[in-house]
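For reference, the structure I am asking about is given below.
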Amino acid sequence: MDNRYQRGIAIMTEMAGDQGRKAMEGVSAFAPDFARLIAEFGFGEVYDRPHLDLKQRELITLSSLITQGAENQLPFHFHSALNIGYTLAELIEVTIHCAVYTGFPRALTALQVLQRVYADREAGKLEV
Amino acid sequence: MDNRYQRGIAIMTEMAGDQGRKAMEGVSAFAPDFARLIAEFGFGEVYDRPHLDLKQRELITLSSLITQGAENQLPFHFHSALNIGYTLAELIEVTIHCAVYTGFPRALTALQVLQRVYADREAGKLEV
Amino acid sequence: MDNRYQRGIAIMTEMAGDQGRKAMEGVSAFAPDFARLIAEFGFGEVYDRPHLDLKQRELITLSSLITQGAENQLPFHFHSALNIGYTLAELIEVTIHCAVYTGFPRALTALQVLQRVYADREAGKLEV
Amino acid sequence: MDNRYQRGIAIMTEMAGDQGRKAMEGVSAFAPDFARLIAEFGFGEVYDRPHLDLKQRELITLSSLITQGAENQLPFHFHSALNIGYTLAELIEVTIHCAVYTGFPRALTALQVLQRVYADREAGKLEV
Amino acid sequence: MDNRYQRGIAIMTEMAGDQGRKAMEGVSAFAPDFARLIAEFGFGEVYDRPHLDLKQRELITLSSLITQGAENQLPFHFHSALNIGYTLAELIEVTIHCAVYTGFPRALTALQVLQRVYADREAGKLEV
Amino acid sequence: MDNRYQRGIAIMTEMAGDQGRKAMEGVSAFAPDFARLIAEFGFGEVYDRPHLDLKQRELITLSSLITQGAENQLPFHFHSALNIGYTLAELIEVTIHCAVYTGFPRALTALQVLQRVYADREAGKLEV
């Protein structure tokens, strides 16, 4: 574990709050090296790079996840996107824009994930 | 053809300059309804909506295209992205960020498209 | 809302009966513009175009959904396909044909969705 | 080689004429077992099955290929589709319908392949 | 049903034990031809071919399933992979290697499926 | 640049010989950070990990690339696979096995890339 790991955990916490820590713990318990590489490389190295800010990086991430139909990983990032300053209207708009490029089925699947994440936050099931 | 069509052509021209007009003419000659729907629905209706600005929409578009390996449509949008204010360093960074989410092969394919588009612009083959 | 919207709702109702209305209401409540664009553009504009009839359009739709692994959107369209005149044997055959082109995993996933939709119809859980 | 092989070659010839034979020869020279499995399983076994006719199977095939962005395999099947009775207007319409489900980039890529195939047929470069 | 069918069932049983039989029964009851083609072509013909052994074929299969995000079909093959001699550490490593090529979201989704399969085996819910 | 970078370059050279160096130089000249991350993270960190050997990692890589239709990145890895000990018959067999899981179109596209790579090696255009 090097310095990238600490930066990665810090960025994940900035994005997803306690959800970030929980997500990592589940992966760490089963596959510690996988968890370490996500933190070190994904968040600690790439997210920490210059040229794009965190909000732009989240927009890229969401668009990639919607396009590949990554239902399981979308909740973490819709939650993060709301935490770092995107409004619900903006995130709905991301799914609408993606419909043009990846088709309505994946856009609609993403919209329904967003709807669940938003409801869970409103109901206090996800730390805001 | 309704009002959306005119707005769509205007947005495409703002994004891609003369490349926008040329791209449309090629499609129009073979399949006018397809060209009309791109202009009307894609650019005239969706790009013109509120909540996200043009630079954000281009970031979503590029991320979706990179993720689906859409080599043929990436040149138009890398060209547009440079026209509307993204720097080369920022667009390279988009491909790096995408590597985390869609893997290095599609990120590298996109980088190589960007390299060709940038060289064509420098060589005066694409209107800047 | 223009005329396309009314045509879109009519086509969705022709295809999916009460399921069409319910599906739209869920989306409308959370993201009315997304729902409107599905109805207006997808069903009202594209499905209503000439050159291909509704049964051919449903065959294209199912093949695209199976190929992209769109599990969430397949139930609506398998249900619609049965409503507009496809037999169960024909729809099973669609999944078999797709296995050649998109591989057995996505074909099998689609077959299992079809099995659930068919059972729900037989059990009266989906309006026929 | 069993009976399925002969049926497969016959179906490929019905679909693509001399292009079918040429496509098979190229694959056979390098990887005879691969070519044999395409003929035996794909065309000889699946295409020959009941419940869907050849035109329906080609519609499924095209929709799957468009959705997965299979540029290399689309020319054979657009050519076949024109041979077995689809009009150019119908095939353009297939790409338009697919835009709703798989997004405009893959639909547009397919349209451009269709444009080349159609031009090659008109120019006598592909046996009609 | 020809000889390939018997070989296919034998290979599936070698791989997945009783899970193989159960998986086939579910498909057979609803779509006997689909089940027969999986057994005959997939397992009876392709898995039985020379040049690659069963462990290599399972590695290819897992990598393809992870890359296409085939969550529903991964449990059968992670279970089979453990049965035919892969260790848990090796299978976790497959998901890590795939992260480079298909991105972290699909790799992580696969890891979480592996975690469930492994837990089910430990709990005696899957025949080892 | 840390130690991972040197290991990455060494592994790439072991795999692809002079092609590895050339591929890196092209990327480095345009986007040095992208090239560095491929070498450091992809080859230096992941390929260098325990649990799977280089031949197994190449099998996973090829299967992922075939499945995602990564035509541009397949030549490097088919070339590497032949260099590190796979026979042509084995690599053809990989494409056949993938046909079951990702469909014939992507398998056939990969086979045709392999055919070109093999011919280039035989003609002395690629260092063996």
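As written, the chain order gives the labels A, B, C, D, E and F, with residue 1 at the start of each chain.
As a convention for this text, a residue touches a chain if its C-beta (ideal position, glycine included) is under 8 Å from a C-beta of that chain, and two chains touch if they have at least 3 such contacts.
In UniProt terms the chains read A, B, C, D, E, F = 4-carboxymuconolactone decarboxylase.
All values derive from a computational prediction rather than experimental measurement.
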item	value
C-F against C-E, pair bridged by the larger set of C-beta contacts	C-E
Pair from D-F, C-F or C-D with over half of its contact pairs in common with A-E	D-F
Distance between the centres, which are taken as Cα means, of chain F and chain B, whole angstrom	30
Centre-to-centre distance between chain E and chain B (centres being mean Cα positions), rounded to whole Å	40
Whole-Å gap separating chain E and chain F, where each centre is the average of the chain's CA atoms	24
Numbers and ranges of chain F residues touching at least 2 other chains	33, 37, 41-42, 46, 49, 64-65, 68-69, 92, 96, 99-105
Of all residues in chain B, those that touch chain A in their complex	41-42, 46-47, 49-52, 56-57, 59-68, 87, 89-90, 92-94, 96-102
Sites on chain D touched by chain B in the complex	69, 92, 95-96, 99, 103-109, 111-112, 115, 118
In the complex with chain F, residue positions of chain D that touch it	27, 30-31, 33-34, 37-38, 42, 64-65, 68-70, 72-73
Residues of chain D defined as touching chain A within the complex	99-105
